[in-house]
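This report refers to the structure that appears directly beneath it.
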């Protein structure tokens, strides 16, 4: 393995890798959008204590939080066509990309449903009572009072999830999707300058993570105007994500660990 | 006029309200006293249907609600006739002081935004917070938050305002400003029911005092009479225990 | 190809032999990560010059990039480092002798270190400043105060995050297959490749991971109940 490390490659490969950035971002956006829909659907039965559906959603969440994403990807890649074949739907020609988005979406859905649930539960019971006392209906109380506050609580956790999702897209290459990591691997194989390729890959991921974090922080600030006083000063790089999470867990005092923080 | 007849409420096997009858005339200020666990807060919350009574009827001006057959619509209609000031203020955390006051006007009473703002500002000035219109609850002191809570209740122009221990979560030095506001609006002839531990305040402001213990009304009457000459043994003991300074002040 | 439920059981039994490897990777990287994390967290809390900035940079970099890239970077840079040092000092090391699992252990420890750093830091910050002051006021030294007063409370506060990180690393260990370590995931692939029953093999693997995760969660809540006694009751 004797080859000279050449830093020039690092810069040379950045634009080449960026050419596949759109695919990576497409996976992130697709998975998060899928996850939001599924997450809301899965959270509702547990918030409103719908029998049977509630148990089902608990199993769903437990499974997707309890198994590695990589295993989930393989499971759905190999399993979904066979299961759908039983009901005579042929998906063997559907591009792998959609499997990846769908699986990552299911995964995100589990975490998002927990986030929604935790955030709604975190809104003080007195807020609902005050809304009723003012004469609001249940629907008005939910949309005007609970939801905006729950959103503000959920945003930091949500932004965590988006960044985690960005990082998880790197797993798509194991199924042969040519996103950034896949591209980096083929570039490395071509030139045998693996290390340089991976350094530029890491730099790109880092910059996108920081940008995403920054954007989501703006959204968070906007939604949390009313919490201004208790907000501590935060640095640019924002090592801010763990404290709010932590605070949530303590305030909620739910059975345990209701707040998702998958990190890989 | 507010009439409660045979209000009962149980939590599990424990009956917290054992058939309460209470009549409050229009413009009257009623103070409900009693040791903790006597059911006074529960009674107040029943009037606003934040607790569902297991039996009884609630009558507010032109509207009567039978607790056994109360649907969503009836409950909503009942709540529109009353307003509540909470012990923990319960201001909407994500709304400014002004927005808190006008939220009910816009959403429930369908008042136009401009009109609501005008009234909201008036009310906040009335409670001495004209300078804090755009402050969020987290930026206000407890006393200020509670005064916003009172303005929010007033904005709805309810038949009755229910006060649930409005000063017991406050630091002692902030109690005075809130009591002053309540005293002022009491003089305007708004019907009020106040659950409180402030004996001196109750004696001063209320036209009628109710003493509750163990889920029943033990004794009621004009404050002068009830405080200086209680008839029931339980009332005597309570007054002795809770207001030691009271006997000296006369 | 038809579904073969009985093969799930066959695969399940065969996969059990790979559990020790997965657990070894998980626990070694979490423990090493805890050491790295504690050092970097303390450096940042006490604002030790240079070390604090380095720690922040390290944490930001690791948390901003996928775990997979850490593994790939280590896989390609560690041999260069070892061979370079060896020829420089004539140590006679050879990168070819590095066992595959070492790459996974080194890389995952570095990954875990950054996450642990955040866990430790937020745990320490969760302890009220007054606790430290009270400890000093009764005459304890700073190390005593840290050890007897701050750490126990910080541990209780960070337990949920710790367990999350442990689960994260357990799940992350599946990446080891990219450097040909035979963990649960790789074993599932091997078991399936003989007869192409991939789905069944991954169902078995998923069940094992699910079970391990639930086990960690149970254990955490048990410990939590044990140590949170002082926290119970109070505010309604």
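Think of it as A, B and C in the order they're written, each chain with its own count starting at 1.
In the analysis below, contacts are C-beta pairs under 8 Å (C-beta built on N, C-alpha and C of every residue); 3 or more make two chains touch, one makes a residue touch a chain.
Which chain is which protein? Per UniProt: A, C = L-cystine transport system permease protein; B = L-cystine transport system ATP-binding protein.
Bear in mind the structure is a predicted one, so any value in this text is a computation, not a measurement.
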item: Topology of the chain contact graph, where touching chains are joined (line, ring, star, complete, other); value: line
item: Identifier of the chain whose CA centre is least distant from the whole-structure CA centre; value: A
item: Rounded Å distance between chain A and chain C, as computed from the means of their C-alpha atoms; value: 20
item: Inter-centroid spacing, chain B versus chain A (mean Cα positions, whole Å); value: 46
item: Between chain B and chain C, centroid-to-centroid distance (C-alpha), Å; value: 55
item: Two or more partner chains touched - positions in chain B; value: none
item: Where chain A touches two or more other chains at once, by residue number; value: none
item: Residues of chain A defined as touching chain C within the complex; value: 1, 5, 62-63, 65-72, 74-75, 78-79, 82-83, 86, 163, 166-171, 174, 181, 194-195, 198-199, 201-202, 205-206, 209-210, 237, 239, 241-243, 245-246, 249-250, 255-257, 259-264
item: In the complex with chain B, residue positions of chain A that touch it; value: 124, 126-127, 129-137, 140, 144-145, 148-149, 152, 225-230
item: Complex interface listing, chain C residues touching chain A; value: 1, 3, 44, 56, 59-61, 63-69, 72-73, 76-77, 79-80, 83, 95, 111, 115, 118-119, 121-123, 125-126, 157-158, 160-161, 163-165, 167-175, 178, 185, 188, 198-199, 202-203, 205-206, 209-210, 213-214, 217, 220-221, 224
item: Parts of chain B lying in touch with chain A, wherever the complex brings them together; value: 48-50, 72, 76, 79-80, 82-84, 86, 88, 90-96, 103-104, 107-109, 136-139, 152-153, 156
